[in-house]
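The same chain A turns up in both complexes below, where it pairs with chain B and then with chain C.
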Partner chain A sequence: MEIKQTAMAGTLESSDLQIVLSQGTKGIEFDLTSDVAKQFGNDIKATIKSVLDAYDIENASVKVVDKGALTPVIKARAITAAQRALDLKDQPNWEVL
Partner chain B sequence: MADQIKDLYLFNPNVKKQWENFLMEKGISVFSDQEVQAIDQTIGLFDDQGQLVGTGSIAGKTIKYIAVSDDGSGASGARFNQVVSALEMDLAEAGHFQIFVFTKPQYQASFEHVGFHTLAKTDYGLILEKGTPNIETYRASLEKKPADAKTVAAIVMNANPFTKGHRYLVEQAAKENDWVYVFVVNQDVSLFTTAERTMLVREGTKDLKNVAVENGGDYMVSYLSFPAYFIKNQDTAIKYQTALDATLFKEQLAKPLGIQKRYLGTEPKSHTTALYNETLKTILPPEVQVVEIPRLTQGSGQDVVSATEVRADIKADQIDQLTNLVPETTFAFIKDKKTELQDRISKGQKINGN
Partner chain C sequence: METVDVFKNGSEVSLEQVLDNREWRSAKQTKLENGFPRATIVAVKLNLPGNVKNSAKIQQFFNAGWRILLASLNGWPIQSIELDISRPTGPEGFVVVSKDINRVKQVAIRFEESFPLGRFFDSDVMAKEAEGYQLSRQELGFEARRCFVCDENAKACAKAGRHSFDELRQAVNHTYEQYFVQDPFLPYWDERSVVEAATFACLAEVVTNPKPGLVDPVSMGAHDDMDVDTFIDSSLALQPYFKECITAGRTFKKEQLTELLALIRPAGLAAEQAMKVATNGVNTHKGAIFTLGILIAAYGYCTQDQKSTTLSFVQKAVSAMGAHLLLENEKVADRSSQELTAGQVQYQKYRLAGVRGEVYEGLVPLSDVALPALRKSEGTTNERLLDTLMAIAAAITDSTLVKRAGDPAINQEMIAWVAEFQKLGGAQTSAGMTFLSHLDQTFISRHLSIGGAADYLILTAFIARLMGLI
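Let's look at the complex of A and B:
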């Protein structure tokens, strides 16, 4: 699916993660800021990628600022951002959840 | 510890006093009306005793007047993140995903920590940016120079409106270089709107094949939006702003785009522009050469061709005199829109600035 509008979810507080999804052209492009990027950068990207895959989002620019979020938090923030970006806020995709 | 974010309404004098006192404690002491009135929204962070422990404001898409108190518990970092986060959320709601911050060098790390990228840094301060569109998407949107272009030059102009003087400057640059970028200042505060100014520059340089006219976006001489609030002295403020602007141009545009020269007109009249030109000459070389072209003079006289004069003539309804000052394309436009332009002037649009 195509991203309709830039969308943001999450905060910059400790144990959270902020994700901004906007239109892209060259697949999924990540821009990750995290203190633990070295240790968990790939895991964070993989978690977000799996959510985007579930929504059939093929092209997107993904800006992530991680403050030590756990996987379920990352997933929840990614789902919210995807729903907002696709303008599906009021139609939760139960299969992804 | 549960700090709470609340809106601060600065039109309430008590709230404003409290806010000013808090910022003054944190070392921000300039509250000129111009700066404060530009604020769209202010938030405060309160601790569980109801004490103000942090604040931040939004003006357009710029974050300003941000400060948090450090009580020694190590919570100031968390508070800072909470304030920035809340401001970003509000900006996102307003549809702004591109955010700018102007701050002092010591806060660079704090902002980079929450995803901001530094655009330019000087001894006085720095500009950071976060979100999309950003400088990369801006650069990608510019017309590509031909592969065989060896010498590339740039001119930044407000062109309010495009005169024979501007045309002369562009012609010189086009003659001496393979490719010329003309950036038109984006800030929409002039008599002629940004769309009109850009259109007139395009029309007026149409015959020059190696000239690309581009909108300067948020990255060129939008120094009206730069805050002067932590510097009191007017000249220092200008110096600070122009140094940032020049550094941004050098680092983010000249380097990636391969621009080797920047053309300027000499500036006998405007103090601000003269200071700006001085700063460019200090900061840009050696990587970018500054070429100063003497201003075009009218016919036989000693008067330089200036857009200020064009605007004065429009006000005085002396349209016929303009043929000496502006190219035909601009003249046709002014003649066509004369009433509308005079209307704008009588409604209070200033015409004697830049």
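Let's look at the complex of A and C:
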């Protein structure tokens, strides 16, 4: 699926995560900021990647600012961002959860 | 000891709702920052574990802290206040104040540190002019936030997942019990706030309806010389007296608290005058002038030097102030009945100690009956105060009621009425409200009134206001 518009989800509150999805051409490109990037950076990316896969998004630029979010929160924020980027808005892909 | 479940009867929210609400809050904060680019914004919410974020008790919890925080910001120019107490994802409030962000942040941290419920509050402070600016607690000279279960660094605890869900909830329940149940916490309030609380209490009593036999906005009850306006006039006329009582308590430096009572008695007599002038000679608040004045002075005494206190300390002070009051009952025993108050006449007739006895004992029904009833009742303020009034009426010997009935046996009847009211489910049920309306008619036709219970309701509303329970 092609990203139709740049979309954002989440906040910069502690234990949350903000994700901005925009169009890309060279696969999934991450730009991750997190205090725990060293220990959890790959986990965070993998969690988001699995959501994008479920939506068949192959090309995207993914900017992530993590404030210590737990995996279910990361997943939920990624789903919302994908929904918004694909202009699906109100029908989340529940199978991803 | 009753067990408290703060989360009882609360509705559950999903992770999506919580996350959506964060986005809503973030957008709300940005909007406020843009609307007030030069001011500082305080966003207040509770930090509670689990998927129940709102309930009657959670609202009591939030209200108590919210009032304290607002009071501590009150000296500065406040631009905007918004409160959404019934939000499913938890109560939220926003205050916009024209004051330097550092000063506001200090107030917010001090609130979280020193107010007993403060650990469960999140009061985020932000300003557009200081965008991306995150002044840490340490930089302001405060310690990092501590865990509310084990007192260690809160962030470390959360990351390590050191506590089970049950432990976290128990910590919330335990804090609620300490603040509201075991010995109600009474924060320090400035004199103006105390006078407002006392005036509020008088007005809250008279607007509560339908009260059996008592004056309310709909009915004059079993009284033919006063209505709701008389009570409003009277309440306002008592404000200078409330001020004198709190000042007397706050500045009293002697050993014997009986002298504090002696100190406010002339003010009490002047207040009776002021009441009569305001009401054209009607006795609206005579009992309340006596008990509320003593309670205010005792609270003032216990909160000298900006200390907070608890209800039991205030009750001990009330009792110490009234140590000689029963002797007064003895002294009047041989006076002719024209010079005597209703309470004194009843002492002569039935040896009922009346309101003097109540003060002597420290206004015990406040902590034993009235505040627990108010705390447990979960409806509107009117419904909660009706439930409380009825609980009080069954628990005290009401000298107005005895006087009107001409026989102390009326107490047994009162207890039976209250039991029936409670069996119907109280003021939150339509059956309970219908019962109260009928009881009001019974009281009117039998010329009965529970003036003593009404005075206690005023005392309860006053203390509840100080606690933040109402």
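What we mean here is this: the second predicted complex is superposed on the first by the 96 of 97 C-alpha atoms of A that agree within 3 Å, B and C clash if a C-alpha of one lies under 4 Å from a C-alpha of the other, contacts with A are read in each partner's own complex, and residues count from 1 in each chain.
As a working rule, a contact is a pair of C-beta atoms (placed from the backbone, for glycine too) under 8 Å apart; a residue touches a chain by one contact, two chains touch by 3 or more.
Note that the structure is predicted; figures quoted are calculated from it, not measured.
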Overlay on chain A: chain C relative to chain B, clash or fit: clash
Partner chain in contact with A:Thr33 - chain B first, chain C second, else both or neither: first
Which of chain B and chain C A:Val20 touches, first, second, both or neither: first
First, second, both or neither for A:Asn42, with chain B first and chain C second: neither
Partner chain in contact with A:Ser61 - chain B first, chain C second, else both or neither: first
Touching partner for A:Thr6 - first (chain B), second (chain C), both, neither: first
Touching partner for A:Val73 - first (chain B), second (chain C), both, neither: second
Touching both chain C and chain B, counted on chain A across the two superposed complexes: 11-13
Of chain A, residues touching chain C in the complex: 9-13, 15-16, 68, 72-73, 76-77, 80
Chain C residues within the chain A interface of the complex: 15-16, 19, 22-23, 25-26, 158-159
Interface residues, chain B side, partner chain A - complex: 78, 81-82, 84-86, 88-89, 92, 97, 112-115, 130-132
In the complex with chain B, residue positions of chain A that touch it: 6-8, 11-14, 18, 20, 22, 33, 61, 63, 65, 67
